[in-house]
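These notes are about the structure you will find just below.
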């Protein structure tokens, strides 16, 4: 999917590194995100994707490097401050306020992230967001009583209620069935359509390929690829990262010619699941 | 543990009860006034504690520290001939600021660590009070002069202090209710449910927690001043007693965690029980108290308010926040 | 020479503190329960030693053999019967519950023994050793050695025996332990039993040195707290390091600031550590 025509830079990471004791979870990452893009952030488990988002949003302090947002240095901002400048995120393991109702959950997000909101206007905004994600009827149900799929949508509604300019969606599709995933894809497109820049951390390749303008790949904390979805999934380094070097070498595209079935690369797999398939086999 | 919600209706009922309570002096009994003054004092402690323990979910054992701090601040100022009103205001202000600043550091701790830290503060304050004997009289205690001029009768003085403590409770109760329905209250509830999620949606958790801690202390400290003025003599072991840290928690649990109305009722109920036990089982009164605490926690973990809620829902009405 | 004396005093005190705290730390670390009865268990142990000596002429070291199983049983019963019902409850509930139980126990002791201090006076008395200018009371040394021994026994049980390893497993990951067939409620009760046994035995040893009264239960509990925070939770080495550290600091502090400030000193240290290094000298980050 081609990206937006003119792209102003919204987020820039300059040499961002995060260390935990002896472990370097994020290693010298340079990245720009343009306004209006839908960026896919992929990589094997443990690659540091969530840690990277944590560093950007202030949950962890960067050990080195800078995070620039709208030209401003936000490296030292704490999570509540980054929320207030228009950065929102969802969590891989959903984090609702369990005993509050759905509408209270979303109203909270609206109330605290934006200046000048009253509790009443926050509630109104919450009602709108719940309707947008299709949870209108569940407004007065406590969050703990919602199914996983609904809680994911609630998480999205909360993030949207923060009127973000930059939205990180961390594995919104984990645990969802095929229909739910399609619904989620639709929501993501609609959100981007509203002008929100979306960074999608995903394992489901079919989502990444069809929704994202651009994809970056993280492995062992370092950025190893940056390009269109098609470029990235056929990049031998990326294939190697997911499926092992040998597989990558086996299926390297021959000059100009397609070797038998080799164009599948990473695209056919739902990575993160233990099964790896030789090229050509369908699931 | 699910939060017990205070409906506007239960708040109004509690308010009415409070107003009725103000009429206690008209019974003309010094004993009733003494009980009533203690009831108001306990209620201030329980309702205040609920702000940090019930709303924010941080198990604070600092009530004794605030109370003792207020008692000694007040005692010393009154000893220097300051007026009661001045002593109360200054002690309250100082407690608020100290709690706010100290809270910023202490509230980085969670669960047990926070509990111990808050308890340790009372211990340290008590020991410091013991040592600073030039100022505080140390272990010999502090005598506090008459704060009230013109009341020559015992009943008169008792009435004055009852109304003073009552007014403090009224102020405290209204303030806590205002906090509960405010943005701060909402934020605290979010913090209690999931602090990192609260951070991510823009709640300045450090500030909110510290404010909650400060509010949990200010009225208690002011009640301490009133207590000191009322009893005319205080000792460190007396006002920094660890029981002042634990009883408000029991009262709040008794009434229903998270509800100021619950804390109020819990305090009154607790005092009633305590007085009964004291009069009938003096020697084993602390054992009986312990027994009641155990029974309460094992069999009525959501407190008395949850009983009223289940009665309400059984009679077909829905509880709405 | 004063310096050596101070250090020696500190070490003796420290070993006793380690013994006081080891059981407390175990219960806190494994069950995530702060047992506010710990101080009263210690005092009860002291009364046991006193009573055994008065009635049966048993020396404290013999009473240890009696105290361990008795207190283990007591602890096991309390955990299995009462505390287990609220094991998953918030910190507040378990703290207040053990507080209530402690009120009952302490009151019972007050009624039974009155508040007056009693002393366990050994006849013939053990006296003191003098090595040059160093004065070492024999009873303290014996108590210290037994305290160390007890602590080592606990450590060995936790490391070597099946039940000990199960306890450590539960501490590290309760669900995983359960999935591997560990009966978690039994392990909890066993751990609590060990904690109580350590407390009772510590009390027996302390009876040799300090006067006995229900009033002491608060101060003993306070020491246990401080040692746990200083040394780190849930590990015997942590209790030892914390205990020795506190013992030394208090010993030095007695000389420098005066003995009346010992309590303030220890609690101030507690607060400082909570702020700067809540997991203690040996503890791991992030363990609550």
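In order of appearance the chains are A, B and C, and numbering begins at 1 in each one.
One rule holds in what follows: a contact is a pair of C-beta atoms (placed from the backbone, for glycine too) under 8 Å apart; a residue touches a chain by one contact, two chains touch by 3 or more.
In this text the structure is predicted, and so the values were computed from the model without any measurement.
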Centroid-based (C-alpha) most distant chain relative to chain C: A
Identity of the most central chain, Cα criterion: B
Intercentroid distance (Cα basis), chain C paired with chain B, Å: 32
Length of the line joining the C-alpha centres of chain A and chain B, rounded to whole Å: 47
Cα-centroid distance, chain A relative to chain C, in whole angstrom: 50
Of chain B, residues touching chain C in the complex: 1, 53, 57, 59, 105-106, 108-113, 115-117, 120-121, 123-124, 127-128, 131, 242, 246, 249-250, 253, 283-287, 289-294, 297-298, 301
Complex contacts: residues of chain A adjacent to chain B: 57, 59, 78-80, 83-84, 88-89, 91, 95-100, 108-109, 111-114, 119, 158, 162
Of all residues in chain C, those that touch chain B in their complex: 28, 32, 34, 82, 85-86, 89-93, 95-97, 99-108, 111, 218, 222, 225, 229, 260-261, 263-264, 267-268, 270-271, 274-275, 278, 288
In the complex with chain A, residue positions of chain B that touch it: 2-3, 183, 186-187, 189-190, 193-194, 196-205
